[in-house]
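Paired with subunit B in one complex and with subunit C in the other, subunit A is shared by the two complexes that follow.
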Partner chain A sequence: MIAILASVFDGVLVGAVYGLAAMGLTLIWGVMNVINLAHGAITVFGMFGLYFLATELGLPAYSAVPIAIVCGFVAGVALYWIAVHRIIGRPELMSLLATFAVNMMLVGIGTALWTTSPFNVPVSLPGVTWEGYTFTGTHMMAAVLAVVIAGLLYVFLHHTRVGKAVRAVADNRGAAELSGIPTAQMLALAFGLGIALAAVSGTLIATMFPFTILSGEAYQLKSFVVTVLGGLGNPAGALIGGIALGLIEGIATRFMPLSWIPIIEFGLFVLCLLAFPRGIFAPAKA
Partner chain B sequence: MKSSATFFGLSGLAVAALLAGSTPTLAEDTLTIGFTASQTGKLNNDSTAQMRGFELWRDEVNAAGGIKAGGKQYKINFVSYDDESQNTRVQQLYTRIIVQDKAQFLFSPYSSGLVATAAIVSEQYGKVMLTTGGAEEKPYRLGNKYLFQVYSPADQYLKGALLALKEKNPKAKIAFVYEDDPFSKAVAQAVRAQAKQDGMALSLDESYSGSTTDFGPIINKVIADKADALLGGGHYADGATLARQLHDQNAGLKWVTLLVAPDSPNFATLGDAAVGISVPSQWEPQVNFKPDFGPTAAEFTKRFNAKYKIDPGYHAAGGYAAGMLLQHAIEQAGSVEPAKVADALNKMDLTTMFGRTKFSTNPKEHGLQIGHEMVLAQWQKKDGKLVKEVIWPKAAKTADILY
Partner chain C sequence: MWRRPLPWLILLAALGCALIPYWTDDVQLREGLLLAAVYVILASNLNLMIGYAGYINFGNIIFFGLGGYISVYLVSEWHWPLPAAAILAGVAVSAVALLFGLGILRLRGAFFALATIGINEAVRQLVTNFEPWGGASGIYLAFDAYEPLGGPMQALWIVYFLVIAVTALSLLLSFAIKNSKFGLGLIAIGQNENAAATLGVPTPLYKALVYSASAVLPAIGGGLYFFKSGIIEPGGAFNLGTSIEAIVMVMLGGPGTVIGPALGAALYEELRGALLTSDIFSHFQLVIAGALLLLIVLFIPGGLMGFIHRRVAWTRRWLE
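Take a look at the complex of A and B:
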């Protein structure tokens, strides 16, 4: 019983970070119907950001969090104007190809720079030990920061004028434009935010686990599952979806081999798509 | 005007034909060896080390004038491509290397999975292939005739770890957690048999997917089982993550042996999480074999370090050894004819800096490595610095076991 409780707690902690990782993907999809296949690569650049700030420059590890958000946002806005803007409103295959190309370029550049060798950032925070089970400080800090960032995003989208404009563009771009909202700028802003969320989730993941330039693929796949569980285009739902995925990983492993986890995750993914094509907590679409 | 154009065109063709005709003279003194390396993809780390081993051997042989055989000296020319750590690329590229690039001999790619794929192609075309970086036995049990394994096979990998653990604690509860890839599964099969034979209990026997990013749930299982030891792992990224999480979660283990990952010098970046982790190794720089052929381990280590500014692990040493074994076989055969070289490899019983090499000639397991022995190395802290020491077998140990 204690073992199951420990797995539940661990699942919630890791799941919150999965949720944060998926939030950027779902925000971009929700606002502009773009499936960002460069999401995983951006997450990895967030990981390497932590490595260079903490290991090479000697800065405190968590100072990388705001830096990742700012740099991710700037890079995201730039990426929007370079690779995404021209394919908005075009068939979805175009956006898939464009973002996949960006993904390949980023992974290629990363491999040339850092090879696919693992990198590790030794971050140490006091943890909590209970009945022989240790909950690490880095996991708890990552979960808390993930929830805080998700909360800030919620406040921004629902309680600020700019955030409401972003949601208006997501609901009906034509109507938003007629109301005087600069929709292209709002799309760039939303894309920048999505990339910033991907980058900061990478930074938090790198405080917990070693990583390689290829680590993004696994987190991108998890983000798809989380996005479907939480509802396509619903950033708040992504957090719930992430925690649900973390719980599934934590609890299911108590009763079956770990190698079955991807089968369960993707089985659930397919079932959700069949039963709820836009995800379980999908927002109403105009 | 037209006739002068025709003249120049024909002259050009004639010159091209003369140049093409002169190529075989050069080719006679050049030996083309083909292989793929994982310059991208998840196997890049270990594959790059292996490729560096090949390259160091080639550069040294060429600097010394080439391989001597049949009154000729053959300079080594490599034909190599990036296999992207993908089976499908290996299949395409080995065919290209043989058919288009006309490679005379082959080295294998890195990892058991890719070796198995390359072996199908090399055997189809009857090309001698020295396999390094692949420990799985299966390809040698399929009746192949031109495949020669440099590494000790997978069933040897955790043999030393189990023996060393048995000496420290014969009643140790062992959690066995391994990646679900061909190599790790082959190791797993041997571990089960040996643990049973030695009367040791596997309290947990579980595989994980190579894409696993969080080992927290399985570590909780290990803690719940109150295991004393953990054996397993798979390749680099998963092994490094597992080691760090075992440390972060204070799993209470007295013994941890992981496959592959801890052998890399990069493993030291885990800091305290690396201390006490042991790794079955095909070779370590400290080994003290008296070579019949080629440099000593110390000389190889010095040369490798001078070229790449990093100490070699066993993947690099395996690459270099593959080159030396092929060179020795060609020199013994006095020919570059595949059948004669294969015959020399079949007769080989040679000690190099990599250890003893002997290939099985039993038709049921032809080419399987039966001469080489592995060692068990462990990361230990000496004067505040992380170093890898050989702890098993006792005859080769450079430090006591940290248990």
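Take a look at the complex of A and C:
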């Protein structure tokens, strides 16, 4: 019983980080109706950011967190102007293809730089032992940081002028433009924030698990599952969805081999899409 | 449909591709053409989804891989003749696609695209865990599997002719669909799904049907291709990279045209060959394919054929 409780609790911790990653995806989708298929690749670049800063430069591991946010934001804004701006308002097919093309380029560059072999960044943080079960320090730290960053995003979107402008653009771009909001800049800002979230969640994941340049695929699928659980375009729902996925994973790994996890996740994903197209935790819309 | 010039052009080209390497006994040319033909099969059938219905299918390679698995399994374990095994693979994969499509294609646009990314991974994991198909190590064909076709040398030629035939069928299917009521319905879905539904197009059914139709010939092609390779394993059969390359080919040649995807496939194959042999670029194959796709999407969304059709109007009557 305690063993199950322990894996449930650990699942919640990891799930908070999944939620943070999915928040980046859902923010971009909600604001500009673009599904960012480069999400997984960006997450992986966040992971390698940690590797570079902590292992190669010898900086303290958690100093990579603010750096990932800043670099991710800058890269995101640049990506918006290069690859996304021209396809805003065009058919969905085009935005999927454009972000997918970015994904291919990033994965290609990453493969050339780091090959596809696994990397691991040892981060030592004391854990908490209870009844013979140890809760890893890195997992708790990552969950706390994820919740803090999610809270900051919430404050930004709901209590600052710029954040309100971003939400206005998401609601109705034409009306926002008429009210004097520079909508293209707001879209770039939102894209930058989404990429920054993806990058920093990658950094946090890398403190917990080993990774390769191809890990992005799996985490992107997780983000999609979370987004669908929490409701597309709903950042608060993403955190809850992430925790739900973490819980499911934590319990499932006790009862079946690890290689079945993607199949479970995918099944869950399709079922959710079919049964709750707006997300299980989505607020009822008028 | 036979009153139009294009089907005859397709048959003529296929005949040429089949006979020229045979008469000159040029094995190298045959291998090159075989690979290109496989790409044309993938791209042309994917075009039914992307070009006509406007639905992207990131997991198109699973049809090819599953077809290969079924066919190789039947040949190796049950000693079926190759054509029967390949055709059964086509029918089976297409039936599965229809069932699956009826469920999943209720999803609109982007949601469907997301599902197809997941399905590639899920099918690969399923097959990797499926012991009758050899799990992660796959199935090897014994050498005597080639005996019914008159030994390995002759078998290679027969497989080549069959692949060319499937390629020609793919293009003819694409042409037939484009000029049918079904095709018109698909194109309406691609342009505005709500409007199409309002006008009486049974959109979920049409989407499921085209999903299923785009599965038959790649599955047969997969059966032939992996029979020729003599080995099939999950990594090679469900390679997401190939799925993506097929998308690049369709976009490069011109989505929604009959010969555009074939042209794109041939061009991409040439380009890839050139890049692979160069030292600098062989590491950056994915980067270049990605950059190419991005440039096409941003600047020439109609692809090569769209570009030609816009510039030279008379080509629209001959090359659809």
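We adopt the following convention: the second predicted complex is superposed on the first by the 272 of 286 C-alpha atoms of A that agree within 3 Å, B and C clash if a C-alpha of one lies under 4 Å from a C-alpha of the other, contacts with A are read in each partner's own complex, and residues count from 1 in each chain.
Following the convention adopted for this analysis, contacts are C-beta pairs under 8 Å (C-beta built on N, C-alpha and C of every residue); 3 or more make two chains touch, one makes a residue touch a chain.
Owing to the predicted nature of the structure, the values given are computational and were not obtained by experimental measurement.
With subunit A as the common reference, the superposed partners subunit B and subunit C clash. When the shared chain is aligned, subunit B comes close enough to touch A:Tyr219, but subunit C does not.
In the superposition on chain A, A:Pro91 makes contact with subunit C only, while subunit B stays out of contact range. Of the two partner chains, both subunit B and subunit C are touched by A:Ser259.
Look at A:Gly151: by the touch rule set out above, it reaches neither subunit B nor subunit C.
Of the two partner chains placed by the overlay, only subunit B lies in contact with A:Pro118; subunit C stays clear of it.
In the superposed model, A:Val270 lies in contact with subunit C only, and not with subunit B. When the two structures are aligned on the shared chain, A:Pro66 is found in touch with neither subunit B nor subunit C.
Once both structures are placed on chain A, subunit A residues 108, 111, 217-218, 221, 257, 259, 262 are touched by subunit B and, in the other complex, by subunit C. Partner subunit C is touched in their complex by these residues of subunit A: 35, 37, 83, 86-87, 90-94, 96-98, 100-105, 107-109, 111-112, 217-218, 220-221, 224, 228, 257, 259-260, 262-263, 265-267, 269-270, 273-274, 277.
Contact residues of subunit B toward subunit A in the complex are 39-45, 48, 177, 180, 206-209, 211-218, 220-221, 223-224, 236-237, 240-241, 244-245, 248-250, 252, 264, 266, 269-273. Remark: subunit C residues 50, 54-56, 58, 103-104, 106-107, 109-111, 113-115, 117-119, 121-122, 125-126, 128-129, 240, 244, 247, 251, 283-294, 297-298, 301 touch subunit A in the complex. On the subunit A side of its complex with subunit B, the touching residues are 3, 6-7, 10-11, 14, 108, 111, 115-120, 122, 127, 129, 132-134, 136, 138-139, 205, 208-212, 214-215, 217-219, 221-222, 249-250, 253-254, 257-259, 261-262.
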